[in-house]
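Pasting a structure below so you can have a look.
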Amino acid sequence: MKKAILLALMMVLSFTFSAHAGETFNLLTWKGYAPTELIKKFEAETGYTVKVTYSNNEEMIAKLRATRGAGFDLAQPSQDRISSVQKKYSIYQPMDYSQIKSALFIPSMLNAVKRNTAVENNSYAVPFCWGTSGLIVNTAKAPGATDYTALISEKYKGRVSYRLKRPTLIAMAFAMGKDPFALYGSPTEYKKLMNKVADELIKAKPIVKNYWTNGDALLQSMRSGEVTVAMAWDNGGWKLHAENKDIDFIAPASGALGWIDTFAIPAKAKNTKAAYAWINFIMRPENAAMFTNKEKYATAAVGVAKFLDKAVADNFSRSFSEDTIDNIKWYPPVPAHIEAIEGKLLDKIKAAN
Amino acid sequence: MIRSLPNPRWYKSGYSIFVACFFIFLFAPLLVTCVLAFNNSNFPSLPWYGATLDWFFANTPDRVGIFHDANNLRSIMTSIQTAFFVSILSVTVGTCAAFLFEQEDFRFKQQLYFIMLAPLVIPGVILGISLLLASNTAGMYFEDSFGLDVPLFRPGFWLVVVGQFSFITTFVTLLISARLKKFDRTLEEAALNLGATRFEVIWHITLRFLRPAIVSGLAVSFLMSFENFNTTLFLVGSEPTLPINLYLQVRDGSTPVINAISLLLMLGTSVFIAINLLASKKSAES
Amino acid sequence: MNIDLSAKDIVKKFGALTAVNNISFDVPKGSFFSILGPSGCGKTTLLRMIAGFDHPTSGSLKICGRDMLGIAPNKRPVNLVFQHLALFPMMNVSENIAFGLHRRGVDKQTIQKKVHEILERVGLPEYANKRIDQLSGGQKQRIAIARCLVLDPTVLLLDEPLGALDLKLREQMKVELKKLQSEVGTTFIYITHDQSEALVMSDSVAVMQNGVFEQIASPRELYAEPATSFVASFVGDNNTWSATVSGIENDCIAVETDSNLHFKTRSKDNVSIGQKVDLFLRPEAIVINPHDVSGLNLLQVTVKAVLFDGANSRLLTVTKAGRELTVSLPQNRQYDYIQKGDRISLGWSPESGICFKREE
Amino acid sequence: MTAFTKKKSLLFWLFLAPVIGWLGLLIIIPHIDLLIMSLKAENDMGDLVWSTANYMEFFREPIYWVTFVRTALYSVITTVVTLMISFPIAFYIAKVASNKLRGAYVILLLLPFWVSELVRVYGWMILLRESGVLNFFLLKLGIITTPIEMLYNDATMIMGLVYSSMLFMVVPLISVMESLDDSLVEASFDLGGGVISTTWNIIIPHAKPGITSGCIVVFMLSLGNYLTPNLMGGKNSLWFTEQIYNQFIASFNWNQGAAFGFLLLLLSSLIIWFGLKVTKQTLGKVVA
């Protein structure tokens, strides 16, 4: 008995300390951004053990703030959420662009991200993938949903779902004919606009079935017809389209919201070597294409076209006509204070009856 | 009304039906979870597409069974490690606390006892954020004044251990105190009388008497740690424990793998409880 | 004579075990009836059947002529004083007493009056507002009885209520209980394993063993004329010999004990020569160094110890064959000379001894 | 004598040191820090200064205190419902079920609660959602024609909370009822009491310590619950713990979150203190 206990003790202890000693690579990212096949391939190539933690923009920032930039070797925030956070909490380290094979990236996108994540003389991120938020519509069951206003339309009562997050507020502001990004500079104006948006959303609350937090769950409810109109990312709509031709992603009339997700290295990353290795690995055309084929997100890598499935390539051209592409609203960097305003309003919407 | 009283039939059968309903209520969600772990569908819901063991053993790009799911397996390991350290720490300190409050007398004992009970009424979330804030304050202080980066002072494995320890110890203390109360102190006096030192007395007599309570303290703290969510949520770093990991999956997309994990979890806990029961029965007999 | 309680052919089985085996008895109104027996003899089961907590397997039970079968305990005109009293610790004294009256829907003023009266009766008028844990053992006892008596039950059942008290208090409570019973005139059924309680208080006593009544009689009769050897050995102290019948005379028999002593005595049962018997002899029936020996059984013994206990003092003696014998030692100073180790002679009259057939 | 006291005091320090370390470093200091943090806020320059702004914000903004009151109220409702369901169950297990079955019942009762709360909530979600198991069977049986969303409403959320904290009510009730002498119930019946008057006059007063401690724990757990309201509550169910979480995660306003945390702590202490006062008990006695 005593021997067994001793053995168990030794085992747990050895596990605990070996786990810290090994060459692990800690990735803080969105669900789907690190497909299992790619992780396995990367591990085989480099010998690192990859540990993935799933998160979203807000939690990424909160987590890195709490750890003061430790615990993870690489994070994947959206490009608009980096500079203000970096100014305030210093949770990232400057990106060493010399370690990055810049030939792998679409140059304009790399430059845009560099510009948007610049704080003082340093830039903090490189692009990974991009996409848009818009509407996923079951055209058979909900004809006529072409703009964000469908989300607050009586017509679709009880069949609507969206995230209770900042993109929804911004989308509704655009739908009301305003440009919230133009008001980023003046918090009071911005607050006024957002108050109006919040009032609309509160008024339209009976129309919402639920506020989704779970991407897969949303897709499942769209599949089953519980939800027919949703605001979500384009890739979700395309995934569903592959199964059911009635469902598709629609770029809304007042403009899809364009985002770019990036790689940024936390301030106290232990294994920056692995971080750079991962970036250079996953941006290789064949790997980036594999990711796009599986998750349907558009990648920031060049030369992927020949590896892409035809269906995936078609998705984009089907949902985006020439002028809808021009109409994509790209997120500019979020200034401080803005998020506090939005946070309170989101709470208010959630609590309202 | 009670066993020794004659009861009318309607009363007896009505009562039995109520109790039966209660147990159905208790087990329905668990049963459904277990059954759907075997459904050959990519989603944890009906209709039934036939039985499969994919969610345990599969290893394909579409379906990864729990035994090949590195992410979940790692979080199970993390949970075991956390629970291991938490139970050892809290039983050690809890035993000290039990001795302190049961056998020693000192000023401010009442006040200290009251503080010891406080974690019972502090919501877990609050405990989590206050520890997060305090560790952050301490971490900043050490960094700014000494340039030291102390891993303990930021969310991560050890902060989770510390956070869970901080309230589980209260439960362990109460558990061990309850047994220590029943201890006949004349036994200690007898041992002292026979020439033992205080340390020897505690080691040979009191601790041996406390053994069943210590064992069940270990078990209880292990299980409490294993299933804790509220406190852990704020303290977890790059190594999520199983409940946190499951939460992220339930929230961000779920496959029947979660059902499979739940099933294993129930099996594991049942075995754990059974062993614990047998052990306590054995020690009660001896 | 009015019969308050009438039990007929009561049988109670728990699975294979027969706890009460075919018992019949009547309790007259206003009497103090005790059931005396060792623990496990079935007396508590019998009492619980009367109270309504258990149902007899067969037989009938009537109170005041009314059949009690199928009547719930809270509907029976009997009340029970529990072994550990079962006073409600969450209520004070007067609330405890008022509990049953409230259940009957008696109005508040009447309740108050009755509670006051019964407290007077049990001699605790000042205790109405005390908590239960502030009472002494004897006071609790009286409150428990008061709680039942206030309901004017036809029959009051008492389940060894004096068991938890210390000796002195028990002696005192015996007297008080008897007094209280004769004052209120309620029928008491009292169960106990303590023969002294049964003998002191009762009008009649039933001795119970293995689920049957061995004898129902007045205390005096029980003591002087036990009907069975169990009663003889259970009630009062006795010296016992195993013996064989060696001769039969008119109303006397001659026996030879295992240690070869020859006695004359009387027999309860019909015996023949050669019959194995048990001979019972009470310590107080033995005379020490008798002056007039005519007609007495005589034997020589050595004093092994003097057991001084006031009025209850005894001598522990041994016969030549090594058989121990206790003898009452009257404290009239007449026998002060007897010392440990003395040889003395003992005598007893044949009427004092009693024989029963040995049951093999 | 001196040698003896010396040794004793060494032992005493040995016991005291870890306990002080635990309570001081992990309970007292963090909560003081929580209080300090809650009393600091950013001024217009972005510096942290002493301020009661966080608390003012709470009272000024109805969504915060409405959520706060709502959380408290729903926790009370949860506690009451839990008590009503648990009381007869505990009584059954302690006093009605045969001795042989009692152990089995208790194990059955414990089993679900050692499984992570998340798994239990997840089970309910599978069971109740619009495409869930219950709807599936109701449709199959023809009781309903279109599926009903049973998840995401307040009643379901309360049911989830009741389910989550049931054990912490039943167990203390069972142990307190086991200590009830059967003869008290018998005496009550003997004196003419029925089921209702016996329950009211004898059993409930006797079970009071168990009821109190069960209620305290259940109330506490509901108030501090995050998972159940978050996953089962739906679009209207803002729980106060969620507000705290949002302040930390979504708004990055730790000071505001600290203030909310402190308010929640205050609320739970107050209600528990009040509950103890009303039932005339002390915390030490209730938990021991």
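For the reader, a short list of remarks on this structure follows.
As written, the chain order gives the labels A, B, C and D, with residue 1 at the start of each chain.
Note that in this section contacts are C-beta pairs under 8 Å (C-beta built on N, C-alpha and C of every residue); 3 or more make two chains touch, one makes a residue touch a chain.
Given the structure is predicted, the values throughout are model-derived calculations rather than measurements.
Fewest steps needed to get from chain A to chain C, stepping only to touching chains, is 2.
Looking at chain B and chain C, the chains that touch each of them are D. Across the two interfaces under comparison, B-D and A-B, the one joined by more C-beta contacts turns out to be B-D. Separation between the centroids of chain B and chain D, computed from CA atoms only, is 16 Å. One simple way to say how far apart two chains are is to compare their mean CA positions; for chain A and chain D this gives 36 Å. The distance from the centre of chain C to the centre of chain D, each centre being the mean of the chain's C-alpha atoms, comes to 56 Å. The set of chain D residues that touch two or more partner chains comprises 131, 186, 189, 248.
For chain C, residues that reach two or more other chains under the stated contact definition are 52-53, 72-73.
Residue numbers of chain A whose C-beta contacts span two or more other chains: 220. Partner chain C is touched in their complex by these residues of chain D: 181, 183-184, 186-194, 197, 201-202, 205-206, 208. Listing the residues of chain D that touch chain B in their complex gives 7-8, 11-12, 14-16, 18-19, 21-23, 26-31, 33-34, 37, 85, 88-89, 92, 95-96, 98, 107-112, 114-127, 129, 131-133, 136, 163, 166, 182, 185-186, 189, 195, 198, 216-217, 220, 223-227, 231, 241, 244-245, 248, 254, 257-258, 261-262, 264-265, 268-269, 272, 283-284, 287-288. Across the complex, chain D is touched by residues 51-53, 72-75, 78-80, 82-84, 86, 88-91, 99-100, 102-104, 147-148, 151 of chain C.
Of all the residues in chain B, the ones that touch chain D in their complex are 1-5, 11, 15, 18-19, 22-23, 25-30, 32-33, 36, 44-47, 92-93, 96-97, 99-100, 104, 106, 112-127, 129-134, 137, 162, 165-166, 169, 174, 177-178, 197-199, 202, 223, 226-227, 229-230, 233-234, 242-243, 246-247, 250-251, 254, 258-259, 262, 265-266, 269-270, 272-273, 277. Taken in their complex, chain B has these residues touching chain A: 43, 45, 61, 64, 71, 74, 77, 80-81, 84-85, 132, 136, 139-140, 143, 149, 151, 154-157, 234, 237-240, 248-255.
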